[in-house]
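Dropping the structures in below, format is structure tokens.
Next come two complexes built around chain A: one with chain B, the other with chain C.
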Partner chain A sequence: MDSSVKRTILFLIFCVIGAVFIVRLVFLQLLDDSYLRSAQNNVLQEQTIYPARGLIYDRKGELLVYNDAIYDLTVIPEQVKNLDTTVFCKVLGITKNDFIAKFEKLKRGKGYAPYRPSLFEKQLTIPMYAAFQEKLFDFPGFFVEVRTDRKYKHSNAAHIMGYIGEVTDRDIEQSDGYYRMGDYMGISGIEKTYEKDLRGVNGVRYILVDSKNRTQGRYKEGTFDTAAIAGKNIALSIDQVLQDLGEQLMRNKTGSIVAIEPSTGELLALVSSPTYDPNLFIGRDRGNHYMELLRDPTKPLFNRPLAAPYPPGSIFKVLESLVGQQEKVLTPATSYACHHGYLFVGCHAHSSPNQLRGAIAISCNGYFCQVYRSIVNNPRYHRVEEAYNSFHDHVASFGLGKRLGVDLFGEGAGFLPPATYYDKVYGRYRWQALTTLSLGIGQGELGITPLQMANATSSVANRGYYITPHIVKAIAGKPNPNPEYNVKHWCTVDTSYFPIVIEGMQDVVERGTAYIARIPGIEICGKTGTAQNPHGKDHSVFFAFAPKDHPKIAIAVVVENAGFGATWAAPIASILLEQYLTGKHDTRPALVERMLNGNLTHRDDSIPATKSETF
Partner chain B sequence: MNTWEKLKPKGDQYMWAIIFALSIWGLLAIYSSTGALAYKKNGGNVEIYLFQQAGLLLMGFMIMLSVHTIHYKYFIGVSKILIWLTYPLLIYTLIWGIEINGAKRWVSLLGITFQASDVAKLAIIMFVTRELARKQDTIDDFKKTFLPILAHITAICVLIAPENLSTALVLFATCFLILFIGRVKIRHLAIITGSVVIVGVILFLFLFLVPEKAIRGMGRMETWKHRMESFGKHENNPDKSYQNDHAKIAIATGGVFGKFPGNSTERNFLPEAYSDFIYAIIAEEYGFTGALIMLMLYMFFLYRAIRIVLKSPKAFGALIAVGLSFSLTLQALINMAVAVNLFPVTGLTLPLVSKGGTSILLTSVAFGVIMSVSRYIEQDEPESETEKLDENSVNEKEIVAT
Partner chain C sequence: MIQSQQQNLKPFSIDWLTLVLYYIFVVGGLFCIYASVYKEDHPLIYDAGMNYGKQVIWIGISSFIGLLILLVDEKFFYAFAYALYGIAIALLIAVLIMGTSFRGSNSWIEIGGFRLQPAEFAKFATALALAKYLGGFRIKFTERKVQYISIGMILLPMAIILFQNETGTALVFGSFIFMLYREGLPGYFLFIGFMIALMGVLALIVPPLYLIIAIGVIAILMLLFIRRNRQNILIVFGVALAFIIYVGSVNYMFEHVMQAHQKSRINVLLGKEVDLKGAGYNVQQSKIAIGSGGLTGKGFLQGTQNKFRFVPEQSTDFIFCTVGEEFGFAGSVGFIVMYLLLLWRVLFIAERQRYKFNRIYGYCVAAILFFHFTINIGMTLGILPVIGIPLPFFSYGGSSLLSFTILLFILIRLDANRINELQGSFE
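Here is the complex of A and B:
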């Protein structure tokens, strides 16, 4: 056989093979559409199964937050057939025009497709849902989807709880593919801090869907499906009764209450007034309510106990007493005379001279100006700023001037001026004790948040250490979930310097400025304060701990524009101490009545209609 | 000349381009098909398949480049040793081979696991071409030349067949073509064709007429019977044609331009879509256009190899190049034919494209040998080449005319 014939044969073979393939491909891909419509031509669809969000309890096991079913009405437009619009509209309580408008709006929505479920009506009311369940059969193409939303049983502690809301595009991006459009997540408060514990883990179900989007069954009998894992329940350290009483006492007043258990750092109450009902942030009108609160001039959304800085007033005198002893410029026997103050700082009328304990009891401005001066002019140091920095560091060791690291968002650092701050204001080497004398009585540039105030009180109660305040007591039954909150932060003042100061603080309540806070049978150590306020009437401040030995509670109360500490802050704190330590607050009904009804604002924080809901 | 200079890909640049294009395309298709749920779930990290394949391809390229720097004349000597090593290897595999998916095809030697048939393929093709080149003067002698060659081919194929019938058949067809090009008498080839037809008919009848009970336990025979049956009448037996149906759905839903890379939906339904049915995934994602281009790439590669043999028909090099190219292309065509349901399921992979292990490396050796021929044939006979080139170009025109 000739070689050219061979070549021809080869060439023909390849032509035939190529042609067969092309014909086959043309037939399969371009002409025959039976496989396009094949029963097996399924597409995988991923369905998310949402777990129940973790419940939230208080320290005694009282339920605070639970989940409530919400019913959304969805529609697959393609499947809507022979709809009796009149009946449908009647059930939904809308007009025919509304119906048409809704459908038009739906079609303009992002990602709309006639074969895909779209949200038709958000959050049906229970009667609507019941009516729909009954008649769903008459409305092909419409489905009721069940979702859960939060419900706040006691309608209080809004600033602690925070709220959940729809995720933003940014949240989705940052979540590594966990969140999807329309998911909910914690936006603030506990819901945000402990989002990962509370939310649980989404499950996935793989469904086979045919070319017409009809469900065909599960993919490989659900081999690849994962079950949703329910969110973990959280026990807060909050005492619901104390919290609620605190909120009631602060009604029609502006300010904060922070109560801490000194031995553990657990927050017992965290009141921010004015407040709002956390149930406003659920349901159909969530967005409107949020905008209303945002525009409210009294700033109910502002988390005062964590973020509002106040000049601390007299708490500073307590810290000075401790630092002065530590720096060896002050002893319990140190005595200073006071005649209506010291230099330009005034003082009220009282007997003179006084030793340390007495000076604390009567809160003598003159005495503490001299103490401050002796600390800053301490001859042990070469320069004023060295002495001042030492003072600054001692004070800072009580948790002032920095974020403590509470497990809630929105904590402020307050302000404790470092030496460099005064260098900037006055110039280097051009300031000394007298220049900054107002610091001696806790005024001036200082800013301390109520949380820091309570934490410093807690440090005194512990005789020299604090545990970072926190609000979660247990997650899923496991106590102290965060090891960070087991660490004792030791202050730089020796334990031996505390007793005399604590004696002074007890005198304050027993026979001093806060006599009104006295409760027979309970040894309360406290200190009133009056924080100067350049914008109006002074703030009424009181902080205390009790009992004196083995303290169970440390508390700080700030009532804005309420004048002396003894007038409002001390009685409020006293009522709360009594409630927490004895379980009731009925020994002084007149005082309680006066505090509850006192209105220091032009507001009317009426009592919510449903104080605690039954469910 | 330094080493790197030497390793630069030389020879037919079209062939190099095709090798490169197929490898990259394969990588993309493998990455896409391992995106199926089953692989995401098991281990989660699907990139590992991609890196594995990329690593093997990289090693393969190094092998190709290294082999192609060796003058093909050295393979003449190698082929004789190789064929005698192949027999014990095949027998060893039949007895002590590693069984995977019910077939004893794999063997583990010196810590490397590979298919003995991959080695045998190389060995027999090289051996046959060597013999043909050596005995061109006595090519018509049936006893002295033809019979010994045929004996080797048959022996090797018979040893491969029990565990890997499709490979044996491809190999036999390849050798037949080499004999055809290598100027063996047509009468002799007719004898082979006749015998093959007879053996084939007997085997076919045996499989269909003998009741299932009789061949149960006879290993692969059962599988062959089932495969052929499921190919013949798949509509009555939906379970067994599951793969074929989903391959067809994949191809059908691809349309003209496909669903675009990474959007395959059938990868979730085709088991091990990255090997046997990767062509279906390519047809789904790249459409009719992509499927056609891939087919053309293989055909064009073979065409370029045949050009070599047209230039120097008697040379050992030319024969070995076309032999290996034909073997690879035929394998590719059969794999694609399976995917479009023109052929029963065989287990043959798509060279360079399918995910593979050591077979990629042995395939790379084959490509290296082909490219060595392409490289040195042009270098060695530049003068005679130009002479023949004129003659050939005339011939090519004739071919086109027919």
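Here is the complex of A and C:
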């Protein structure tokens, strides 16, 4: 082929492309006038339509959280013209320096562009909003955007609800473009866990505005608009009445209550005390409120039921009884004598000797030290650590010493010492049952969270399995949204070993240490505990489930620095059981009154004070 | 004869038409850059801090460098072609290791307030090296070995630039296929290149299974109509299989290798995704701006789209918007025709060279300019994906203006020598 022909071919290709461009220009510029209309002295503006966040209900359909309108002031910096700053600042109640600082901060923000709306001032008060609406024409470039914030109908269950807050730069980066500066998202609690369900999907509206920011109409008749999809409503497994009563009973006390429906693993109540009003985290002052709560020495933000580890005290004896039987070192007929304790572990005065059932009922320390010893020094195993590991694994199968996987953030693992831990402390082969004897009565290094206590109770109530505790009951009307929460986790103790222990637990309430918790007509099985506390007075612990057959509720109560389990924890649990099972709690008004009014907040301060006077 | 080798450049030997076109684009570009950032608030024409202020400086620098090129002995480019190529490759690697990240790519060197992009300079360096190699004595492109080496010379900078995350610039090197065609690459390679591009796009729109079935059906139909000897059957099946593998790998690349922003740009273009916020926003705004220009445009500095929410990067990649909006259909068509005129002129100059080196270099220049022209205006008009490459001579950007100036002025210099040679031979 002649080379100049090749040149001609190449140039023809160039011309074809040029012709394609010209044809395209004919369409864009001459034939299709919609672009002209779009642009005729108009500017395309994008408005985000925020969907309503999902509502939150309790297990009975009682509304807990709803939405309330709030007004944000946004600005498109490029459109700000001839602004009378003095008037503007007066309406907003800020100084001119604040105004300049705000603008500087805006410009440093992520995704800032002079032609895009940025959040200038969030959550205007109603009078501010009114004043602004009136003067908006004087402030071109500024707009008031309506969005919704949360309202908590009952002002309780703050730790469950969590709160929503403005997204951080990191959230924006990680969200793959969903969040924008000034958006809100769940920061903790249920708002965080189920953020994706609750938030819905933002919609977008494209409108045309003229250079003076007056709306001229929809862009391309709204072809590109997307509707906002409202967030899904969530039903919690919480019983609002029970939760509220629990919080009232724990007022002026420090501690936790966890109530679970054993057959489903649903959390019925989750009380952390001291608590706070979730409505504090709404509105313009939420930052200040947050700082106040953060500085509060009683740590109201700490989610105790999920994260605070306690030595469980005597309630651990229930698990030992089960493990002992499984390891064949204990039968219901095993009898040990107790002479006010065993070696260095003391015991209170009671009849002796006892068989298993009786030992549980009177919580005999001596008996359970022997049981613990026979488990750990079990001759079936070659070494102590093998026996101990076997014990450790049995106990762990009740959900102790690990995170259970509840659908709330901030869950702690607690601590169930493995054999290697004692190897480290005492040296390998240099420890045995007697070295770690305090474990036999649920003291020592053990750390169990109230959630784990309740879960263990639930396992006993179910005669050998638990379902991971969770707080969601239904999402958008669909029950049991998470299949993980249908799985039965079987403990390594056979079902046949449970009845005798449960009999013993019933005796605890009927005639044993927790007689105070007895409710005529309801078969309650429980166990008191008094958790030794190296930092102050012992913690009062009680766990129970009821009724004995087909249990409907398992509960664990911890009251910090309150002494014996029977003094505070057991009566509080009893009142809650009565409320949940009968719907009322009015049979023992004096007891209820005493629990409601009990104030344990200043005890810690007073005890050291008197001591120092004595010495 | 010794005298003639040392002859100096004569002003009349320069191709003045090219030079005039060059300055029309450069100065026109400056006005459009000014228009794209123009605000009533600051109507000053010169402000060194603004884009157009910087562009004035860059035009000065480019003119100076251009003049230097015209004064250099033309043997210089031949002699140093490989050295320049080597330096460009070294710079590319250096930037890959320690370059500054800017606009999502890792390909910039910052000197003072200006950013330089070595990838821009790799273009003319590669063109020179290719010209020297293919223009060499007894080198014929039809030889297998020559083909491999020259394609390797193209792929090397291309690969490094791909690693810098500058897909657009890397693709520019593919435009050398036009030069290879001129030098003896069979014509059907252009056709295959076109088919590959078409199949690539189809692979993203049509579900791959349908496409594979279609390829199979076409192959079978072809077999029905051609002579069915062993060779033909093998070729048809081989090509069909190659396309099926290609379609599959395009899909795989798209799903697994491409980054999210590249995927969404392509999806938006193919109409699979409507996204007025992200990738679609530029194009949508660009179309509004151009579409609103009408027949005669709104007039210089009267484009409303510029003043408020102009297309991001309007002064660099979307500069054609300004032409479309302010000078309308008439201005846009005029612009395109002028650009074609420049391309024709470059081809014309290339073809009149006596030396292969000069000719090959000329075709490289035409190919590079054409590729930029096609991709840039194509994306502005919303018919090609948003690949951020500038419009030569017109877009804002020192690095690109300087490199295109060097690219073009070397050709002018080489061409000027042609006349000297003629005169020399007459003496």
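The criterion applied here is as follows: the second predicted complex is superposed on the first by the 474 of 615 C-alpha atoms of A that agree within 3 Å, B and C clash if a C-alpha of one lies under 4 Å from a C-alpha of the other, contacts with A are read in each partner's own complex, and residues count from 1 in each chain.
To be clear about the criterion, a contact is a pair of C-beta atoms (placed from the backbone, for glycine too) under 8 Å apart; a residue touches a chain by one contact, two chains touch by 3 or more.
Worth saying up front: this structure is predicted, and the values here are computed from it rather than measured.
> Output check: A:79 vs chain B and chain C. Expected answer is one of first, second, both, neither. What do you get?
So A:79 only meets chain C here.
> Touching A:87 in the superposition: chain B (first), chain C (second), both, neither?
Neither partner.
> Going by the contact rule stated at the top, is it chain B or chain C that touches a larger number of residues on chain A?
After superposition, C is the partner touching more of chain A.
> Once chain A of both complexes is superposed, is A:177 in touch with chain B (first), chain C (second), both, or neither?
The answer is second: A:177 touches chain C but not chain B.
> Per the contact definition in the header, classify A:294: touching chain B only (first), chain C only (second), both, or neither.
Touch status of A:294: no partner.
> Which partner chains sit in contact with A:101 here, chain B, chain C, both or neither? Use first/second/both/neither.
The answer is neither, since A:101 touches no partner chain.
> Between chain B (first) and chain C (second), which, if any, makes contact with A:22: first, second, both or neither?
Touch partners of A:22: chain B and chain C.
> Where on chain A do the contacts with chain B and the contacts with chain C coincide?
1, 3-4, 6-7, 10-11, 14, 17-18, 20-22, 24-26, 28-30, 32, 34-36, 38, 40-44, 206, 224
> With touch defined as at the start, can you tell me which chain C residues reach chain A in the complex?
Residues 178, 181-182, 187, 190, 260, 274, 276-278, 284-285, 287-295, 304-305, 307-310, 312, 324-325, 328-329, 332-333, 336-337, 339-340, 343-344, 347-348, 350-351, 366, 370, 373-374, 377-378, 381, 383.
> Sort out for me which residues of chain B touch chain A in the complex.
Going by the criterion above, the answer is residues 37-38, 41, 180-181, 183, 186, 245-246, 248-249, 251-256, 265, 268-269, 283, 287-288, 291-292, 295, 299, 302-303, 306, 310, 313, 333, 336-337, 340, 342, 395, 398-399, 402.
> Which chain A residues qualify as touching chain B in the complex?
Result: residues 1, 3-4, 6-8, 10-12, 14, 17-18, 20-22, 24-26, 28-30, 32-36, 38, 40-44, 206, 219, 224 of chain A touch chain B.
> Under the stated contact criterion, what part of chain A meets chain C in this complex?
Residues 1, 3-4, 6-7, 9-11, 13-15, 17-18, 20-22, 24-26, 28-30, 32, 34-36, 38-46, 78-79, 113, 115, 176-177, 204, 206, 211, 224 of chain A touch chain C in their complex.
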